[in-house]
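Consider the two complexes below, in which chain A is the common component and chain B and chain C are the respective partners.
Right, the complex of A and B next:
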């Protein structure tokens, strides 16, 4: 935003570089988002409120994974395990022990952090693909443990997740506000996105301050980082802990939103979905994680919607009926894979980079090329 | 540089279109503010007020069933059964001759979390759920149904549903099937000393069958020598090799099977391949006609039996069956004999009775349906299925009748079944408490 004769849009000191809201456009954008947040359940139909609820959960998880993979460079395929821990911690602390919302939700994060801190030391010994394999093993270990731990998880049956959802005067399991009755999914839309906003703010703050710089140094050249005095133990284990805390909170809110979880949900495909979110969104930016989460939550719904109206060739279960040799499920999963490959080939920096280029185009108009 | 640019532009524009398309997607949906129905309070003759799923003209019912995946072999015929009955009702004008029914079908892929999501997206737009297929799906949704005060027809025969106010169970429960099967084997066929085993899905459905077995074991004084569980998704014969080993290793001479067609077929195939030949009795959902058309047919003819409630296909002396055959001829003439079709048809008969009662009482809202449920005295199926003593859930009397069928690969017109017994209710089954 430039006035006539003013200095061009340059950053002239560190404080300005670190600002969360650097200019009027960003402030306006944030206000718009806040307005959408407040009017969300009235603005969107019931179906989309639920989808956005799931998108909010995915955002929290993706932002956490991005801190680990995008900023610290520790590729992890184990995020599903931490989501599962969060969901079952919600069952234990919320449902079984009856703790109030402001206690059980942070406690779920703490459980996630503890689990992450236990896994973290593997990252000190292993790098790159070896760490990926270990985190992969974590997912399968988790699946087995969750299935066997019947008293907590219900085993093959799954378990209802109904923790208390009251926070002061607000009852997130459904209440009347200013004359309109809001059901559980609509109230949870607000809770989830409020928590997501807190999470995004936290992540942004981590990233733009000292820990963030240390994490990025570890990502770029961990040996050199250690040489200049950055404690690898602290930052690698810490990154795992924080990312798992985010994942656990996401899992807990997912359980509360869905009302029911089954041990088969915390599987490899879920972990891949989160990795897809941060790759497609843009690995080194918090904004990218949010974009990726939004897009990849809406996409399966979009495919389903399209399949209901259009008879797609080769697809069974769509408008054309049961003929076809791939199911819509398979199409959805294939899309994830195709998107990951496509983005890595053509736009490795993800949607965030596309957005930044678009912004740059506008900023430099009419001299953009 | 140019080629990279156009690729990026292509990707960007595809994404932009996708996002725009998704935004244009479903925005026309009805909004979610819950409409409270104002009941007229009068009965008979008054038009029911509009309610979720009822706009004054059409009654919309939800169906959450696996239309894809391994359990679609049950879901699709069952939904077809629902649909044929709906077509017949609509041909006569609809419920009470005035309100045609519309089914909103969603795919659960036999996955509980998927089913919960579909339920959430459908629930504000339907009067009730005409079909929720799968014991695990119904277990998952029971809490939601109670909270939302919505009624559903569970396409599953767990005895657990008998005492649930929000459910419309139909047919003799799995536990009863198990007990009657054991009565046939132990008492009628006199095999009290044989080695008796159980194989079932590792989920609430498997638990239901096992519960019946345990009860029978207690009452009849035998022991279950081996208890093998497998995942519902174990549809490859190789996955069952360890299960067959365990059963054969325990020396099982009789195995009661609580599975669905794909995993049951795989287990039976693995057993046939491994030369394991006990007497098998499977619950009704283990069967699919394709099994009798497969290379497994001779093994099944020799060793396999199915427990089920319900009339023989084509037996026009039974009024319910005659009516069903007429409706099939009118609305779905190429329907082949299929026990799941029969179940879907009978289930819709039960739903029809609830809706008729609700319209008679003048209220199709949530409370109106709940009232209608407790006002009905008996659910009748014209002997297609045994009558069900109805009323409030605490008073219901489910049927205790089952029948043992053998497999006859030469009889497609009878659904490949050949009855080995008359329909019977064993003493142990009659004493079973729900």
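Right, the complex of A and C next:
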């Protein structure tokens, strides 16, 4: 219940609207997240620390893709290709050249940005669905190149990804902190989410400043944007470069977390997963990309986890044993498809919109309607 | 020279399969303005239904094919009526991704019903071949060409001469003007999805027949039909046929010559060649060979 006159949460000017931390609630939420971040490896079991590590990787990738698709309106089914570039850049710079963490990780991003800037011009020439299919072709061509570039990628057998993971006094491949030993996965949880936090902050700052407004103008009507003096070349290609840089960093961390990558991982399904993340999370919001990444990474693992404890009818490979005509893999895939269809039909603005509605409900309680 | 011609023949047989799937894409694109990614699911459905009717239930092969085609068309109509119709007015991108979601559901439904094993269609062609001079014709290839030619002729005749075909072209040209003339856009959407479902089912049957087997991998034909469709132009049915055959022939030429001429391109390069061709063509002609360029005004 509010007692201090007019509702203080109402936004009354633009500067207020753009604030990163608009009110105490957000500040408290961020503090809570920071606390979860610091205590994460102690808080969660080994299994969930790894899952959250992958979720962090997905967050970085999804935030990047959302900059391109959600904010600039350029639909890309080629994100998997850029993740692959990042992973192999990590192999080249980190393992083959032995560069330290603070060099190879940014370099992976740079490689991604270069690849994105090369692909970007296609978006200038092609429109809408032609671009979708070209980026889809990119995934297939990329998979082929990754398979054939055996000296770097190990061909069909794949390659280990063990780049150096030390940063100053921190060794992310496992170390003892304050008397507790943390393994590689637990340390990487911190590294990945720290990078993710930087990525989220970066994306937030891009979208609430001039480049972000320009990108959204391009998304909403590119001709009108061009007429008011926004360079389409600059922002379309730029969006591709930035989004691919995010993707490449995600790919590099993915490789480091998994310790091993094979060329078939960078396939169409991975690319579609990233698109699904930003749809289910909410297009055109940074927060939504994070939610979508968390949900789509955690949900299959959750199904797996439940299937190990509960005997589900018709499902084979669960606790009840092999009988049943649906595998747990099929359940996951079908669920994934059904989620996309369901969200697009019933909540096209994604989890972020559900969250906003929930917030509005709390704010106006008990006078909600 | 013999090799060249032989590769052309085989490539054309491959290409008509792409053409059928690409035609399904084009028909739906013209009616609704979106690329339907779930086409691969219809391909699977057609192959497995034919298998089910023919092998499991023991019906006559052609009766099974006809039933599979009819059911494919019905499923298309159902999906349009229950799901896609709700998406009218949504961004195109959302609709595309929705069809991808549908593809996943369809694939998993098929694998849940018929399992993951490779199944033998026991079609009338089998692995038989005939020799004509220096050339070798697989019976399946001949069947693919004949069946596709019949299917395509029927489609183009329908498209050109029937009232519904004219309505479809009118809706593609200008939906509002068509509505004002008393054309039911709903009916056009339904018929478009039915046609797409039917040609995809036929394409699936052809994929699973002969030396190949009925397996989940045959839905990949839809992914390789994308370049065919793009090559011809998204909204051109004739372009889909030309694109399909060009892509089939180019893919086969690559399979035949690339290992000798350019071995550094790697194994199985012919499988990604369609995409290379597509990218090159799009750089020159951004709307494909026969597609209608969009006019953009502020």
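The working rule: the second predicted complex is superposed on the first by the 363 of 369 C-alpha atoms of A that agree within 3 Å, B and C clash if a C-alpha of one lies under 4 Å from a C-alpha of the other, contacts with A are read in each partner's own complex, and residues count from 1 in each chain.
Throughout what follows, contacts are C-beta pairs under 8 Å (C-beta built on N, C-alpha and C of every residue); 3 or more make two chains touch, one makes a residue touch a chain.
For clarity, every value in this text was computed on a predicted model and none was experimentally measured.
Quick check for you: in the superposed arrangement, does A:127 touch first (chain B), second (chain C), both or neither?
Once the two structures are laid over each other on A, A:127 reaches chain C alone.
Return first, second, both or neither, reflecting whether A:297 touches chain B, chain C, both chains, or no partner chain.
Touch status of A:297: no partner.
So, A:76: does it touch chain B (first), chain C (second), both, or neither?
Neither chain B nor chain C is touched by A:76.
Contact-wise, after the overlay, does A:59 reach chain B, chain C, both or neither (first, second, both, neither)?
neither
With the two complexes superposed on chain A, say which partner A:337 touches: chain B (first), chain C (second), both, or neither.
second
What residues on chain A does chain C touch that chain B touches too?
In chain A, nothing is touched by chain B and also by chain C.
What residues of chain A sit close enough to touch chain B in their complex?
Against chain B, the touching part of chain A is residues 41-42, 44-50, 155-158, 160, 162, 180-181, 183-186, 258-262, 264-265, 295, 298-299, 301-302, 305-306, 316-317, 322, 327-329, 342-343, 346-347, 351, 354.
Note which residues of chain B are touching chain A in the complex, please.
Counting only chain B, the residues touching chain A are 7-8, 11-12, 15, 18-19, 21-22, 25-34, 67-69, 72, 76, 107, 109, 111-113, 116-117, 120-121, 124, 136, 139-141, 143-144, 147, 201-204, 206-207, 229, 231.
If you look only at chain A, which of its residues touch chain C in the complex?
Touching chain C from chain A are residues 69, 75, 122, 125-130, 132-134, 136-137, 140-141, 143-144, 147-148, 221, 223-224, 227, 268, 272, 275-276, 279, 325-326, 330-331, 333-334, 336-341, 344-345, 348.
For a test of understanding, state which residues of chain C touch chain A in their complex under the given definition.
For this pair, the touching residues of chain C are 29, 34-35, 83, 86-87, 90, 92-98, 100-105, 107-109, 111-113, 115, 223, 226-227, 229-230, 234, 265-269, 271-272, 275-276, 278-279, 282-283, 286-288, 294, 296-298.
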